[in-house]
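In order of appearance the chains are A, B, C and D, and numbering begins at 1 in each one.
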Amino acid sequence: MDFTSDNAFGAAAPILDALVAAAAGSSPSYGEDALTERMRRRFCDVFEKDVAVFPVATGTAANCLALATVTPAHGAIFCHESAHVEEDECGAAEFFTHGAKLVRVGGAHGKLAPNEIEAALARFRPGFVHHPQPFAISITQATESGTVYTPDEIAAIAAIAHARGMTLHLDGARIANAMARLGCAPADATWRAGVDVMSFGATKGGALGAEAVVFFDPAMAGDFVYRRKKAGHLLSKMRFVAAQLDAYLRDGTWLALAGRANALASRIAEGLARLPGVSLEHPVEANEVFVRLPVRLAEKLRADGVRFHEWEPAREGHVLIRLVTSFATPEADVERLLSCASAS
Amino acid sequence: MDFTSDNAFGAAAPILDALVAAAAGSSPSYGEDALTERMRRRFCDVFEKDVAVFPVATGTAANCLALATVTPAHGAIFCHESAHVEEDECGAAEFFTHGAKLVRVGGAHGKLAPNEIEAALARFRPGFVHHPQPFAISITQATESGTVYTPDEIAAIAAIAHARGMTLHLDGARIANAMARLGCAPADATWRAGVDVMSFGATKGGALGAEAVVFFDPAMAGDFVYRRKKAGHLLSKMRFVAAQLDAYLRDGTWLALAGRANALASRIAEGLARLPGVSLEHPVEANEVFVRLPVRLAEKLRADGVRFHEWEPAREGHVLIRLVTSFATPEADVERLLSCASAS
Amino acid sequence: MDFTSDNAFGAAAPILDALVAAAAGSSPSYGEDALTERMRRRFCDVFEKDVAVFPVATGTAANCLALATVTPAHGAIFCHESAHVEEDECGAAEFFTHGAKLVRVGGAHGKLAPNEIEAALARFRPGFVHHPQPFAISITQATESGTVYTPDEIAAIAAIAHARGMTLHLDGARIANAMARLGCAPADATWRAGVDVMSFGATKGGALGAEAVVFFDPAMAGDFVYRRKKAGHLLSKMRFVAAQLDAYLRDGTWLALAGRANALASRIAEGLARLPGVSLEHPVEANEVFVRLPVRLAEKLRADGVRFHEWEPAREGHVLIRLVTSFATPEADVERLLSCASAS
Amino acid sequence: MDFTSDNAFGAAAPILDALVAAAAGSSPSYGEDALTERMRRRFCDVFEKDVAVFPVATGTAANCLALATVTPAHGAIFCHESAHVEEDECGAAEFFTHGAKLVRVGGAHGKLAPNEIEAALARFRPGFVHHPQPFAISITQATESGTVYTPDEIAAIAAIAHARGMTLHLDGARIANAMARLGCAPADATWRAGVDVMSFGATKGGALGAEAVVFFDPAMAGDFVYRRKKAGHLLSKMRFVAAQLDAYLRDGTWLALAGRANALASRIAEGLARLPGVSLEHPVEANEVFVRLPVRLAEKLRADGVRFHEWEPAREGHVLIRLVTSFATPEADVERLLSCASAS
């Protein structure tokens, strides 16, 4: 029973099938091929806009190439203190930007709070060369706490960014989970809400390794293609990443896979929340369940073969754990988890 | 008839099979999985040594992460003036090293000439802070001219490097073609000849996208794992790259695929060299044919549907072109190419 | 009446005299000259240790070259949230280190609180490639709040650093003010207390532009000389910076100049603290006075020609201002300031 | 008898006087002061144009900050193979630009040959992401061979640069020597000939340490001020560098000092060229004499106390040496040198 991460699971069948199909014959390398173009058009269709799409192999690459394109070395990037780009990328954004500053901003349940963004911005005096200058805000959708920004919440943050000429970046490592939850048009929760550039993630959703940087205004891509090459992220046989993205977006596959993961997380959340001494730390709106439970219960689950991350050290007999579901988490595992938990 | 590049071809069946097999179930991410460990042991077996192996998705990443690990910002890296790292990576080595200097060195047929290395080294005064300091020599095997260093030739270069405390790096984007040609033990043409760190390429050889940095002395890897992460090259579902490398090395698959490509290149070289006005620019020792031929013949081939790269602008009625074969180039295409050529 | 900054004042006579004396004749450039060696020995004498000393022209250069020498790109540097290197250098440390992360740590009156350092360190998992790794702690002496660490306080922080193999850096832009206050041997408040590397500032103390990086263990300097050159901080006529440092340290000039500035600050603090509605924000231990006073009083001072920095926006009728004294602040200005204030 | 470098000499009297005058009182820091503004206007007057001027402490800083402002990481900078920025700055340009590539171009007597620039440019395919893209050409005036570009020669190079949208940078570490030689208006040999940005050097000419980046079109300065700060090159007491530059440019002091150095070099060149077995390597147009002479003569000079740089290892009984004169080289030393030489 593996609830450690959505990264732990393999690859979805439609994506594997697409890879096998793409393996035959020859075609131009470095993204000049027909499959990469088909994928680009797929993004345009899904997002109802002519967008620029650049496939890469990792989420860190997507985030940092995107941010570096819109933030010079003397810039500052504002993100939630739990953001992947701040907490889990070993300072990659600073590396790609040649030393821009990430500014940690708070907010409940993993979401940037507009008033805290404003407070953080106030620390940076415009035009003062001793201070990095604000260039970008980065939000994560779904958030690192398993919650989902509404389009209105995004629009409020975009308004702050755009009022100062800043760019709004969205880290969409779990964008499919967010969109499956929201149920709205993908455009409504991205560019129509003010997102300028997005890291679109497919790996956690069922791909082998496929992410993309999407500029909603292609002109904003600027020198992106050189940055990607210079950082070693231009794939020679790009069609194999394009094939994954294409299959993922085709016929709503991405939303179906994510919807399944979300449903399993909800089921876990509901099942556990009923138990005595158990409380949900954050609303469960995507595929992650952050739950505070008695240490004894956590130990029992582990003894029963449930694998998960301890999120905070235990305190006063309780511990905060994270359970993640994926496109491939067996339903039976969820049921078994719940029966183990209630049998305690 | 596609002879543009080995990158143009898709993926070999054993590698695809391995991917599909790896897609089931769950396993730890970021390389902590059993498949990645199996791949590592496979490298140790093939190279008869306990080595450190780090999979990445591109050859540029492999080259530049390897070079940056052994070269500080104030270092100089000596390579052939045709080397991929110098000519085709948009300055990635400079980016990863934070500004080390690549020094272009000559030598016939794509091979570094020891006396030219010595001459280049003489320009850099040891301990003189105004000069970058020599830290690494990088050779390419097979070379960018389709030739292959013998173990003795490598040893002569290694001797120069090691006499000055420098590291010898080998860019093995086409290492399989070289090994298939040499027929010796892989160890003999790498670490036993003095190579310290290797970029091992599988993508051109039949993988979808799989390269690895191999440190023959694991202690030399130093902070490699942080560099890889910080540059966005740590793959979350690393098992999918490990699976490719594992299948590639298993049962001599890499050598069989490369041997096939080499044989086709030899066939082309022999066939063309017989024609009037045609001459081979370099010995054909791997899977690339550099051939100088009448412009008319080149035009005829193109009209007949043969695709290739013009390597130098035409001059005095002749043009230098490059023809590349791969694991998947149809034999029929080779025969058709030759009959087109001789029918002119 | 200029109390804006110690940077606002010019240069002390002994330093100017030394410059003029150094201007005659010829001598080796880039620090190979006798004057630079004399300066080095002066540092060794003053700090009772064989140290490595590298003059540079700015404090930002000193801080960031020092920190980059001891912190790789994947490192983290812990400093007070008010530290110059974090707040006033436009992300220079990130630039010089190629993207290390500065971690903001709290503590009263500008001093790092050991328990807050421990809490910040706990966020970084050792050996976990997704996290930057702790490499250095940087303290500022005198602090940005005008307070002074005691040797014992420094030793407590050094103990935390050294227990984890981290380096302790001291930003000594106002080290003279601190030493004048402490009255102990310079060695006692630096290397004997555990400081490994120091940015020694003379500019604020009366030089035209002279700072030095001092490694208390010369072996720790590593590749510093290359970093300095590569960043454009190796001065060709280095003797002119060496001359300033040499004159500054000779015969206790540095302490005499700083002692004068400290005394003027104390006089201001005492005079203002007596007035109704006025309170000192921090103990006044060096040459800076942070004082909270009625907005009306601040406005009156300004109208009377007193210049100072407003440190925080006014709130509830009071405002926090900063007054800085220097080696050259006229005593008459201090008395005038106090009589203006008490006449309100 | 010191002919090693113009860097070996101290400081000219008018510059020292200006420093002493600037040392009194207080004024805004970081370049907001009246003296810095006066210096800026002085540049505007001398160059007959409204220019942006940024003082820094070293020539490497001036060159690399200028080049980095006009060249992104994926850019290429074309310079003479003897250029200081390529040969003597330890890869600083690569550091400041985050990895741009310097391209070595040949040309007789230290001057870039237009046809060699064109040949070098031809190696870089426009828009091809695998290649760095040409962004700047850098020339050195006077050159590293002691020659001087005429305005027409500069214009020819500018034409190549501007035809491709590239920027023309001039490294003017010895701009005064060149202008003193040319005798034309400074504008004629800079912006009117097509120079876009200049590193203006005063240190070699008689300052203690004073250089400036001059953008002839202030709009081109872009984010220069942030780059300067982030690299630690913003001087807090900037007025002391401004004072040097102001005094240097005032009343033609720069040209008078350089003219004197040039005249001494000419005197040496004429005197030595008359001797048997002695030949000038380059025309002597500024303050450097490159002379090939019998090894015996070189040894005699050294034995007589003449200090100089051996420029190339001796070969066939002759050796190439460099003799540099400065604003402060004693005339008597020149005469003594010549009599030593002719007495051999």
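Just so it is clear, contacts are C-beta pairs under 8 Å (C-beta built on N, C-alpha and C of every residue); 3 or more make two chains touch, one makes a residue touch a chain.
Everything numeric here is computed off the predicted structure, so don't read it as measured data.
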item: Contacts common to subunit A and subunit D (chain labels); value: B, C
item: Result of counting contacting C-beta pairs for B-C and A-C, higher pair; value: A-C
item: Most remote chain, CA-based centroid, reference being subunit B; value: C
item: Chain centre separation (subunit A, subunit C; CA means) in Å; value: 42
item: Centroid distance [mean C-alpha coordinates] between subunit D and subunit C, Å; value: 34
item: Between subunit B and subunit C, centroid-to-centroid distance (C-alpha), Å; value: 51
item: Set of subunit B residues in contact with two or more other chains; value: 30, 73-74, 89-92, 95-96, 98-99, 129-130, 226, 229-230, 234
item: Interfacial residue positions of subunit D with respect to subunit B in the complex; value: 73-74, 76, 87-102, 129-132
item: List of subunit A residues in touch with subunit D within their complex; value: 30, 72-74, 98-99, 129-130, 133, 223, 225-230, 234
item: Residues of subunit C touching subunit D in the complex; value: 2, 4-5, 7-11, 16, 19-20, 22-30, 56-65, 89-92, 95-96, 203-204, 208-209, 226, 229-237, 239-241, 328
